[in-house]
Structure formats: structure tokens, C-alpha cells
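Note that chain A is present in both complexes that follow, paired respectively with chain B and with chain C.
What follows is the complex of A and B.
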């Protein structure tokens, strides 16, 4: 009975901070507080009316979009090489791709400062794309490789025996066969990139800023309820993406082994 | 069929083809000619190289040596998509994201033969009995229907040769029999050359014009179904195609029809016909193959019939409808005899009984030792 109670308490506790943030975003007061004093949408209006906030929102969205496309394309190429060409050292190669998952993010941040300064990309959008690709590839790789392993290579031979040249086979047979994996990779790496703070903090500058990092620095400076409004919007957006993922592919796709 | 094959230009020639994988030889100097419109079966146990040979014809593997010619032109190195060869896969490999119609239309579109595409697709679906299934997903139809889609998809482009890689092996026996008959009908109606791979000798015998029996990468015998069954040229073919009795014998001498053989347990040497050029001479050790259905059994008290005769004991017997098969023990080794059986007759020979076993000398096939 007690374990059951603890389990229920934990389950209630997990989403509680989110609920509190979302609720406090509807405050009419000028400072962050809970319970809220009065109900209003003024902070949402302020968020959407602020050119600065919209600019970082745009940056984050574009960064996540480009990052997701590049990561997914790279993951597909890597998975194709590992699965279809039975590459030597394929598993070693896979492990290297997955290291950003276990490597401390603060360390990656420091390493990336050095690397990007060397390239002259520190504090630039290009630099952020590079770093976000590295961070999202582990998430993009797994769904693609799982889908490729499930796909039947005889399908491509069937297409060839029917007279389809390699490109036709690729577009009409190979790609559609792994479409769910590709969609998952795109959505997943988009979410990861869109929410990324730890590493990005090290790399932003006066010319480029992302939404989550902006939220973080606002929290340090002030306690304006606009942060709650922005956070609530992020939560809503992420939930929508996860909902779409679940509808399109089914969330168990992530939990399943290859 | 086998005779016309040698007269006209063969549509497909396999010329001393060898395929090695990392030092092991999967296909070993195979030579075959296939005539246009013929139904040829590659028959053999798994691992005999039949699928590798098929994949080389399709263009998924390149021969290590030797050539594959289509209408006299070497195509050994042509990519699969440039060959006019269809392939029905063992697992069918239907495109799961397309409906039946798009699966069938794929080949015509890939080969840019879109003129009259709709009519061609509908005609071929009618031929395989799948009218009205155009918009079905491949996951929504039965196993037999999926077979038909795979067949229609490969036939619609009218390939010069259609390869079939054990396409019926996953089906239950009844459906398999039904589709065997239908495959044969479709082959006749379209006139397309079929090369069919199977490990099922009954399937091979019932469908093929000619059978290439393969073992350990080599073709042991390439002959008509009837010839393959009645005149096996090697011990492997004799044992793999149908049930048989293989008995060791010695050639005593040659005579007008063939050879005079002596067998342990048979009093009189007997004369058997030989195929031309068998090269068997006096003193050679040979094997003889006698199909169980040519064996005759009689009570031991009967006068000895003409032809090779010996005595043996009934070890066991099994009833299978129209026949009874006796397992016998004799001086020539264990033997099988399949004798006709009609209701009301009862088993004439109980287990343990000593019987007279005989057969007609001219139903004996001699195999070099």
C-alpha cells in the first residue's frame, strides 16, 4: 500500500512544476508568483508583441529545423552504410555516433568554444547548427537504423528486377520503406535542438541567441512572468510534437530495441 | 520439349558458370541451355547452389567465371535493371507501401512503357484471377493472393525469362497444389520461359518440361521429368527424385542389350539395358536403381518368376490408400516394394514372413559405381 502511495505521489509530482509554471503564466501581477493574483493573458501578449522574443523564437525554430534535416540526412547515410554495406567496425562507428548522449554537456560546451573559435564560428548561427547536429545525431540515428534493419533488402532487388534504375529504386522503394523512421528522426531531433540549453549557453553571443537560453538568462536577471508565458508556450509546442509522434508512429518506437 | 531445345537457338545459356564466396564454391562449372517457352526446374537440397545460380541469372551476383547468355549475347555483367528477366522472390517482396495496382504497374513505369499501362495491368490481374483487388493493400490480402500479385508484377512487363525462387514453399499443401496447376496454365498461356527453383521433387516432376538436379554446386543431371525419374544417371539423382532401391552389383560381361549383372542374393546373373556411352565394362562395380513400384512380391512357395528374384523378410508395411509399401530385409540389403492394394484383399504378407521379391530386368537403371 505504501509503495503504491509513493508511486502515485511521484507520478503526481513529476508534472507538478510544469502545471505550476503554466498556471503562473496567466497571472495579472508584474512579478512571478504562485498562487497567482489575478487571471490575464497580458504576458502572452507581451511575449508575442516583443520583437526580441520573436526573433529568438525564429532563430530557435530555424536552427532546430536545419539541425533536424541535416542530422536526419547524416543519420540515414550512416545507417545505410552500417546496415546495407555491413561496414567493418560498424558497431564501433555506431558507438561514436552515440557518444554525445553520455558525454558531459558542460565538457562538450567547453570543447565547442575552443573548436568554434578555431573555425571562427563562435557566436554564429553556423556554429550552433554544427553543434546541434552533433547533439541530435544520437536521437536521429536510432529510429533510422531501426527502420532500416526492419526493411527487407529483397524489396530493392525486386525493384531492380522490374527494371528500376538505382535512383528510382531509392526514391520509390528504399526511402518509403523507412519513412516512419525518418519522420521520427526529424521530429525527435527537432525537439532536442529546440529545447537545448546546456551546450548552447556556452556558444551564444550578441549576434545569435536561442529561445531556451534567453529564458535562462531572463530568469537570472528578472522574475518577469513573461518567462512563464514563454515556457508554457514551449511546453505546449513540445507536447504537440510528442502527440503527433505518438499518432504517426507510436511512442513505443523509442522504447523498442533495434 | 527436350528435343526442340537442341534444335533452335536457346533463349538462355549458362556456360560453365562458377561462383565462389570466400574460397567456397557455391556453383561449380554449371552449363545449361534453356529453350524459349520451356519450363525448367532447378531441383536440389538447400545449399546446393540453385538459389545462387538463380541470383546470377537475375543479375544480383556476378559469376566468378563462365558466362550467362541471353539470346546469344553475354549479359553476365549487366546490372539487374537492364535485364529482361523477371523474378518472383521466395518471400515475394511486394512493396508494402503500395496497393496491388501500383505494385503491378511498377515494372511498366520503371521501364517507361506507360502506353496502355492501365489495360495491361488489368489484363494481367485478370489472368491471375485478381480482378477487383486493384486498390487493396498488400497487407490486406491472403497468402495465395499475394503470390498472384507477385506473379502478375513480374509477368506484366513480358520478360524473356521468369525466375521463380521457391515461391510456393510457404503455402499449405492444398493451396500449393492449386497454385502449381495455375502456374503451369499461366506459363502455357503467356508462353514465357520459366525457370523454377525448388527442393520439392514432387513439385519439380509435376510442373517441369526439364529438371536440372543440383547437388553441391553442380548439375548432376539435366533431362525431362520422365527421364529424370526413370533413368537417373547418378546415385544422388536416384535417391533425391522419388523413392528408390539402390543395390550394389557387379558387371559380369557385356551383351547385345547392355550388361549382365550379378547381385548378392540373386542366383542367376541377369541382363539389363544400358544407356549409350555409359562406359561400363566387365568387372566394374555398379549400382542399380529399381523404383519400389516395379517390385513384385509373391509367396516364397511360388515357382521363381522370370527376371531377377531373391528372397527376403517383411520388416514392416504401411498402407497409403491405393498401395501398400513393404520394407524388406534381403541378402542384397534393405529394400522397398510398393504394391497395389484394393479393398477386401487384406495384407497378404504379415511382418516376419519370408517372401519372394522380383522385378523385370528392363526396369533396372544402372548407375556407374
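What follows is the complex of A and C.
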């Protein structure tokens, strides 16, 4: 009985602050308070009318898209070597790919400052792409390697024995077999990259800024309800991604072990 | 193309990314240890000789430990309930996964709206007349721990849930039908089998809590710093990169000192469990 009570309380507790942010974005007041004083869409109008916010939104979306594509492709190649070529030390290599996960984010932030300033990419879009690829590889690798392990190599052998060239076999047989895994990797790393703050905020500069980092610095400095409207847009975006993920692979993917 | 060349090409993109990470890690530790080609421990001496830094280190460990404790306390029952739920489990999963994927900035900000002086709780309490002036619910340890527990709880639930889902329900039923009381079958069947998930959860939550910046800054303010927020201020306000590097190295060591033994324990538990299963 206590188990049930705790579980229900937790399941209501988790979405609570998100719901509050979304509700508070509809305030008509000039300052943030809850419950809200009067309903209006003025802060959404302000958000969508602001060239600065839209530019930052565009940067975040492009960054997440490129990062997701690169880290999914890199993960797919690595998974191919580990699974299809049954390479030596495959498990060790998989552990190495997951190492960014066991580093505290504040430490990764400083590591990346050092790395990017060494490369001369601090405060640049290219630098952010590089860092986001490193951060999302652990998330992109798992779905793709799981899909590849499930796909039957006999199909590829059949295609090859029927005379298909390697590239044709790859396009028409191998790739479709792992498509759900690839889409999951793309979406998953896209979300992680799009929402990343803790590491990214060390690396942005006057010429490049991401949406969550911008929201964070605004929250520290002001209490304008426009932050709530931008946050609500982030929430809407994340819900869309979760909806698509659920359709593509099913939400239970996140709690499955391979 | 020879097989080894093909493997090398396939590993090149991901390997390159990992090398960049490794390069940064080595340079980080190097820049905190070496000045002008000489080993120089002055940054570490400066950190450990200052009472406020030692207190901050203690505060970081205390908050991380308490966050991990509360995440386990709330996460295990939730994971158990969801794993054994007979209805629409996907909906419950959605209630965990969706908040987990929403940016931590948005979630921490939500707590600012709830706990702040003009927020939900203070608004309600002043409206009922229970208090005259807003109570201080954030900018203290309470706010930071509440926010961190909220942000990190899904990691704990997911880690435990993924193990519990694999334990067949009838294993507990068998133990109970053989006369074991619920508490006995929990202790002897469920707890040992779920231990790998619990250890993974503890690792993740502890790591993220020690290295958190966003939640402690928004809910704890600038006064009482943690290791993560201190690093952030050294970089963003004082531009003291060597000191930030030394602090980041201290953070790495404190995190890995806890995480690596747990990882080894987890491997050992997993091996014991699989040995037990095959006998």
C-alpha cells in the first residue's frame, strides 16, 4: 500500500513543475507569478516577434540536427564493426564509447573549454557540434547496436548470393532492417543535444548561443514571463519528439535491457 | 579491402570523437598540475588550504549523498509499482520518460515558479492568511535538494525498472507460496536481483548531483556554492581557467572515487547472479 502511495505521488510530482511553467506562460501580467493574473498570449507574441529568440531557436535546432546525424552515423559505423565484423575488444570499445556518461557535467564543461580553445573553436558553432557529438554518442550507440544485433545477417548473405553488389545489399537489405534503431538514435540524440545546457553554457560566446542556455541566463537575470513562453515551446517540442519516439519504437524501449 | 582496414575505417569517426575527449581530459589535468613546464601543485594547495573551499566540498558531497538517498527512497517503490502494474503501463512510463527528456533548465525554472516568493506555495499560504510574509523555500539546501531529486529521479527509476522488468513476477509468487513472507521474499529474491539496477541508479544520480550547475544556481542562489557552481563562477566571472581546471579535477576525483568502486561491485554482483542462475 505504501509502495502504491509513493509511486502515485512520484508520478504526479514528476510532471508538476513542467505543468506549472506551461500554465504560467499564459499570464497577462508583466512579472511572473503563480497563480497567474489574467490570461493572454502576449508572451508568445513577444517570443515569436523577437528576432533574437528566433535566431537562438534556429541555432539550437540546426546544432541538434547536425549533431544527431553525425553521432548516429558514427555510432552506426562503430556498431557495424562490433557486431558484423565481430572485432576483437568489441566490448571494451563499447565501454569506451559510454565513458562520457561517467563524467560529471561540470567537469566535462571545463574539459571541453580546454579542448576547444586548443583547436581554436571556443565560442564557435563548429565547436558546439563537436562537443554535442561527443555528448550524444552514448545515447545514439545503444539503439543502433541493439537493432543491428536483432537484424539477421542471413538476409544480407542471401542478397549477396543472389548477385547483389555490396552497396546495393547495404541500401536495400541492411539499412531497412535497422531503420527503427537509426530513427531512435537520431531522435534520442536530437533531444539530448537540443536540451543540453550544463556543458554548452561554458562554450557559447557572443557569436553563438543555444536556446536552453539563453533561457538559463535570462532566468538568472530577470523574471520576465517570456521565459515561461519559451520554456513552454521547449516542452511542446520535447512532447512531439517523445510522441514520435513512442510511435517509432515504443516508450518501453527506454526500460529495456539488451 | 582487408578486414582490419575496414574495421579501422568504421571505428574512425567515433574513435576520433573519443580521442578529442581524451585529449581535453589530459590537457585539463595537465593545466592544473603544470605551470611553465614545472610540476606546480599551488592550485591544489590553494583549494585545500582555504576553509571555505573545504566547506564547499563537504557541502557538495552532502547534497549529492542526500539527493541520491531520496532518489533511491522514492525511485525503488515507483519502479516496483510500474514494473508490476497490470493496467496501461505505457502511460505510467510516459509520466516518467517525458519529464526526464524535458530540459533541466525548464524543470528547475518550474521549481522557481513554485517555490519563489511570488510562487504557488507562498501565494497559497499568504492567501489563506497562514503566513504574512513569503516563506524562504528556495535559496537554501531544501530548494537545491528538492530540485536535484526531481531532476535526477527519472534516472534512478529507469535504471531500477529496466532490471525489475526482467525478473519474472512468479519468482516472488513462488517464494511466497513456499511460505516466505512478503518481507522475506523481498529481501531474498527481489532485492539481490534488482541490485545491479540500484547500483547503476546510485552511480548516475550521484555523478549528476556532484557535477550539477543549473539546478543549484537557480534554486540555491549564488551564496552557498557547490563544486559545479564554483567552477562555473571561476570560468564565467573570474576567467581563472587554471583554478577551474584544478576544481574540475577535484570534482572528477571525488566522483570517480565513488563511482568506480560501485561499478566494480556491480560487475561482481552481476557475475554472482549469473553464476547462481546457471547452477
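Keep in mind that, in the parts below, the second predicted complex is superposed on the first by the 255 of 258 C-alpha atoms of A that agree within 3 Å, B and C clash if a C-alpha of one lies under 4 Å from a C-alpha of the other, contacts with A are read in each partner's own complex, and residues count from 1 in each chain.
Quick note on the criterion: contacts are C-beta pairs under 8 Å (C-beta built on N, C-alpha and C of every residue); 3 or more make two chains touch, one makes a residue touch a chain.
Only a predicted model underlies this, so the values are computations on that prediction, with no experimental measurement involved.
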Which of chain B and chain C A:228 touches, first, second, both or neither: second
First (chain B), second (chain C), both or neither touched by A:164: first
Chain C versus chain B, contacts on chain A by residue: C
Chain B versus chain C as contact partner of A:32, first or second or both or neither: second
Touched partner set for A:138, first chain B, second chain C, both or neither: neither
Chain A to chain B touching residues, read off their complex: 152, 154-155, 157-166, 168-169, 172-173, 176-177, 179
Residue ranges of chain B touching chain A (in the complex, touch as defined): 58-60, 79-83, 85-87, 89, 91, 93-97, 106-107, 110-111, 153-154, 157
Complex contact set, residues of chain A against chain C: 2-4, 6-8, 10-11, 13-21, 24, 31-35, 70-71, 73-75, 77-78, 80-81, 85, 87, 93, 96-97, 99-115, 118, 130, 133-134, 137, 141, 191, 194-195, 197-198, 201-202, 212, 215-216, 219-220, 227-228, 231, 234-235, 238-239, 241-242, 246, 250-252, 254-257
Residues of chain C that touch chain A when the two form their complex: 3, 6-7, 9-15, 17-18, 20-21, 23-25, 27-28, 31, 74-75, 77-78, 80-82, 89-90, 92-114, 116, 118-120, 123, 150, 153-154, 157-158, 161-163, 165-166, 203-204, 207-208, 210-214, 217-218, 227-228, 231-232, 235-236, 241, 244-245, 247-249, 251-252, 255-256, 259, 263
